[in-house]
Amino acid sequence: MLTVEGLRSRYGRIEVLHGIDLHVDSGEIVTVVGANGAGKTTLLKCLSGTQPVSGGTITFRGEGLTGLPAHRRPARGLTQSPEGRQIFTNLTVEENLRLGAYLFTDDRVEKDMEDAFAMFPILREKRNLAAGGLSGGQQQMLAMARALMGRPSCLLLDEPSMGLAPIIVQQIFDVVSGLKALGVTVLLVEQNAFGALKIADRGYVMETGRITMSGAAADLIADPRIREAYLGI
Amino acid sequence: MKISAKSATLLVLVVLVALSPMLFPSGYYYRVGALIFVNAIAVTGIVILTGYAGQISLGHAGFAGIGAYACALAPVHLGLHPALALVLGAAISAVLAFLVGRPILRLKGYYLGVATLGFGILVSMVLNNERQLTGGPDGMEVPELGLRGLLRDAGIDLTNGQFWYFLCGIILILAAWLALNLFNSPTGRALRALHGSEVAARTVGVDVARLKLQAFVISAVYASVSGSLLALQNKFITPDVAGFMHSIEMVTMAVLGGVGSVLGAIFGAAVLTLLPQVLTVFAEYEQLVLGLVMMLVMIFLPQGLLPSILRKVRGKDE
Amino acid sequence: EIRIGASVSATGPAAFLGDPEAKTLEMLVEQINENGGINGEEIALTLYDDGGDPNKARTFATRLIEDDEVVAIIGGSTTGTSMSILSVSEDNEIPFISLAGAIEIIDPVKPFTFKTPHTDRMACQKIFEDMQKRQITTIGMISGTDGFGASMQAQCKDVVGEYGITVAADETYNPTDADMTTQLTKIRNTEGVQAVLNPGFGQGPSIVTRNYRQLAIDLPLYQSHGVASDGFIELAGAEAAEGVRLPGTALLIADQLGADDPQKPVVDAYKTAFEEKTGTSVGTFGGYAHDAFLILTDAITRAGSAEPQAIRDAIESTSGLAGTTGIYNMSAEDHLGLDLSAFRMLEIKGGEWTVVE
Amino acid sequence: MAELLQFLFSGVTVGAVYALVALGFTIIYNASDVVNFAQGEFVMLGGMLTFVCHAAGLPLPLAALIAIVVTSAIGVAMNKLAIEPARGAPVVSLIIITIGASIFIRGGAQLLFGKQIHSFPAFSGDTPLRIGGATILPQSLWVIGGAVVVFVGLWLFFTRTLTGRAVLATSNNRLAAQLVGINTGFVMTLSFALSAGIGALAGVLATPITLTSYDVGLAFALKGFAAAMLGGMGNPKGALAGGFLLGLIEALTAGYLSSQYKDAAAFVVILLVLFFMPQGLFGAKSTERV
Amino acid sequence: MTALLSVEGLGISFGGLKAVNDVSFTVQPREITSVIGPNGAGKTTLFNMISGVYQPGSGRVVLGGEDVTGMAPHLLARRGMSRTFQNLQIFQSMTVLENAIAGYHLQERGPVLADLFNLPSSRRRAAAAQAGARELLARVGLDRAAEREAGNLSYGALKRLEIARALALSPKILLLDEPAAGCNAVETEEIDHLIAEVAKSGVAILLVEHDMKMVMRISNHIVVLDHGEKIAEGDPASVSRNPAVIAAYLGTDAGTEAAHADG
């Protein structure tokens, strides 16, 4: 479904992705783990089109994405829940969600919103309040819910569990697993590598802009190098 | 040996001020040079306020007006020597900035913009309306500084143009030196910190209100001195010096040149002072070209002329 | 080639003055060069637009003298710019003919500085003379806060006493204001006001005149020479402008001048040429530039030399020179050379300028 | 009484003009956080182009329509040529671009239209309406009506339409806006078209009262800016209230205190309001948590 | 034993919502006190009130015996309080080193005139701060990034920079709002050690964190908030066994995980 070949990207003169190869098959959950500054966020930004690509190709459902502006990617089914949440702080929670479904005007929007509220009841409570007033974790939930409102066929998640209470972290991972059942493909970047690998089909390890290891999630969890470097076990 | 940005900037300035006259074909160029320096002094103040501390002012010409009229009025009414009048003007500006700054520096962004704009307009309105004192919109004469005569007695015979060129040049170098000192000093760092995040600055102990006020007062003094020098040099002054357009001009010079760096802002002052002189060849098209240049610079060099150029040269293009 | 410099406010808040001045100078230079120049030499005009900014004006004056090496300067559309230019021209001993109104420019007399417009004071005097004739003793004033309006307001209040008239209401407006009914209502409601005087230029006086009619104030309205051009009638509307009086120059009533009027030929020639060239009607201010240029060329011709000192001396001895504004007679004590007779009291009737007599 | 009424009429007439200009600021500001200092030039263009078309023999309504459309197109061009290429530049740089654009437009207008002052006939004649001993021109009612209609339209746009919210979203967080599929480029184009159109409309409605010339833009921009800030930048309610308030303060100060210091009074009031309400009367407090 | 910080009946509302309600607890020097609770429980708000960013609606904050309720943050900083932010507050356009030096503001500040004229006193102050800042950066592993513009760092690196800046104040009490968010297990452990070390040096630490492993490992004392109210308090073992806490916050999985780490 999503294929990345030789992807390079740079900030100014400094290259931070030095040729990334990875692929995500339809209906798969794939996770990328790596230390601070490895380039995980940069990778996702390249995929969502908010960071310029300086080399390599990205193919999504058989079509090249190169040159496609960021705002046209959600219409193709590619949606991102970005690092740092990036919610619309001055708009209400409900408006945030509605904008998540910006491309759709049908009745399903209301239903999706109900689903989102069911998933995160706190958002229903706060639906008419400015999103900027939400707590950190609540904002994170909103970012996730907003991404889901876009009816993605492929969801890019950048640290969705960050700042969430353990009980919600569990729930988030459940949701992601549940997406799989709905046929949604997920590319998940997580610092909670243990949790991510547990629900993922496959995983990649990223170090300073390169993929250094990949394989089935179960194998990676078992790999002593991974356990030492990322799982802290 | 690695030479610091500060020394480099000062060196460039000294060399430019000292050596440019060798290229001057006529006395008129001294006049333009002196004007550049005068503007650059005010703009250096803007760098401290806007570039370092991130506070906008659309009314700094008000302080220039106070400096200018101090030099026009104090010698006549108080019998002060014009040079002392300059100091008096700076002191009045500082006090006024202190009083005005207190309430309005709580405001943010455009709200601070409109409040300072209001202040500037109030000053220029007083200068315009209090005709008995200021001569109203027609302006008033400013006494001779008299320093040139002293120099001549001391054996240094300069033309009027040369005198003002070197005097303003020296004061500019001094002004730039102070601003550069500030940049890397504890105070400068605190100013830049509150620019980045006020809450974080507060929690590391920065008294934000006080520091903003300090920056405001310092920049007001810069504007005031600039106004005084303009008045003394022109020997005639009108309320235009305190007008809205002059305030905008200061900010434009700073931003165009690069508001974050002293040399950049001075460069901006030079460009925008020279431009109208160069554009006279376009006659009718002058405004058109001026607007176009401003837009093009900001489009292609959004960080300002000098920083963007330096970035390109160093290859850190973004 | 004789180099002449000019710095006028062709743009900016005083463009209303400077624009026709610039056009006039360019046109006249072209004309004179087509006719072989002065004393066989062509005139090269360097014209700068100071935008009404005295600081710029000073820079341009320096540039004209030091860099362009002109022998004389015309310009300074406003008092501020004129004062800036004159301090440079006096220092360098270059003759300068100002186009601004204030009396300070030539009083006290400075050796190299002259001017062509009547002073504001003279305009006031002319108006008050007329009021006196109509037995008006109490007036209201509404003045623009621009240099022109403010200066004339001050001068008028200075001389008004000499005519036994008191100013009972003294209001102002800003040059960009859109509505003056408030000030006019105040004046109307002031006890005893018999007439209203409005010193100002630009769009302000037009709006005052319209508001005057809106409020149906039926007292005589006096405008200043600042609006003496056909454009004013057009903007204010003939209906609203009906009965408005102002001190104007011969220019406005070119077709009504007697054939023996000494100003007739020069006024006719200028009016025809200017209106043909620019498509806009002539006004007082273009006339000032015309007269300045006339005085200068006349002086150079008489001096037979383009030396600044010689030109200065020749200007000072100008006598009986008919310009559009009046007949100029300069002297060592008088660097303006006009008297009150240069002004004619005009009244708008049926959308036309007529002479009050 | 009649006197007070007359002052009030004067105040609302001028206030409506300010309000219209202030309303023009809101859209571009809401889309990009940029105060467009060229807004005054749109007002000038509205008046000037109507004059030119009318003078060329077109009927007034058609002339006005052309003026509004052309000005909108100029707004779009300004966005495409000057604002969009500078995307990512600091807000101050964008502001300088708008100042540059305003000088550019003014310079162009001066070349094309000359420096004469112009006007065109009032829409419903010049016969003043008498109310309670005071008078008001029919054109004033046009301006007031225009301000109210534009206000209602904008208010509905921002609160009731998805596009309106997309505009707000774009300024609040451009990156996030793109991530949900908002074409932020289009939003900017639309905003400039609307802002310029509203500006031009202001010019069309106000010119029979205020007159116009190539350089009236700056004064409009300044007063409109002050009015918008008084009301709270970005909020149509604020623009409307700020405009009328400013007009009334000026008129009442001129009427009862001093016409010389009426603008000063206006700014003193603005300073006072901001002292107690740092976001203006209706400005939204931005909610940013730490 | 006298507490360094005591919070007494603290409360605040936002438009009807009692974000924090009548919360009391104390913090001792050398100890790590953690505040945990579900998202929106009021932890950050509590921090904001203690550190003077918000004015409390009710209650008192007492620091070292002095009532400092609602005192401005910069005055609290002078009294030895320092904090990090959940929503990063970095001086973006300054370098990493300058960010750290900014933390030394209280030590390096001096008369503005001395700074303007670059007097030796000013240079001395600045040099001392710079030396300290470099050491701190080394401690959080950012020494190699010292000259980079802070805005260009990755999220995790910024988190550590915030900690460095907060440490620069040599605080008596340090408030950390989710210091480990965005760091993986190994990186978290490093932060762990750092915090423990700081506590050992005599600093009182108030910590908000959702990483239960970390919390349980290093806390001396835990306060649990839910819906703005304190629902439990005690040592890690007792808190992690508290059914109310498990139900509201930990969930079964994490609960066992935490208990495991604890045991």
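Chains: A, B, C, D and E, in written order; residue numbering restarts at 1 for each.
Assume a residue touches a chain if its C-beta (ideal position, glycine included) is under 8 Å from a C-beta of that chain, and two chains touch if they have at least 3 such contacts.
Here is each chain with its UniProt name: A, E = ABC transporter ATP-binding protein; B, D = Branched-chain amino acid ABC transporter permease.
Nothing here was measured: the structure is a model prediction, and the numbers come from that model.
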item: Centroid comparison with subunit B (C-alpha atoms), farthest chain; value: A
item: Of A-D and D-E, whichever chain pair has more C-beta contact pairs; value: A-D
item: Farthest chain (mean CA position) relative to subunit D; value: E
item: Between subunit D and subunit C, distance of the C-alpha-averaged centres to the nearest whole Å; value: 35
item: Geometric centre distance via CA averages, subunit E-subunit A, whole Å; value: 28
item: Cα-centroid distance, subunit C relative to subunit E, in whole angstrom; value: 73
item: Touching two or more other chains - residues of subunit B; value: 129, 199, 286-287
item: Per-residue multi-chain contacts in subunit C, two or more chains; value: 11, 145
item: Touching two or more other chains - residue numbers and ranges from subunit A; value: 11, 133-136
item: Partner subunit E, residues of subunit B touching it in the complex; value: 178, 181-182, 184-190, 192-193, 195-197, 199-208, 214, 218, 260
item: Subunit D residues within the subunit B interface of the complex; value: 35, 82, 85-86, 88-90, 92-97, 99-108, 110-111, 222, 225-226, 229-230, 233, 260-261, 263-264, 267-268, 270-271, 274-275, 278-280, 283, 290
item: In the complex, subunit B residues that touch subunit D; value: 50, 56, 103-104, 106-108, 110-111, 113-115, 117-119, 121-122, 125, 129, 199, 244, 248, 251-252, 255-256, 259, 284-295, 298-299, 302-304
item: Contact footprint of subunit C on subunit B as seen in their complex; value: 25-29, 31-32, 35, 128-129, 131, 136-139, 141, 160-161, 230, 234-238, 240-241, 276-277, 280, 283, 286-287
item: Subunit A - residues contacting subunit D, complex; value: 48-50, 69-75, 79-80, 82, 86-91, 95, 98-100, 102-103, 105, 130-136, 146-147, 149-150
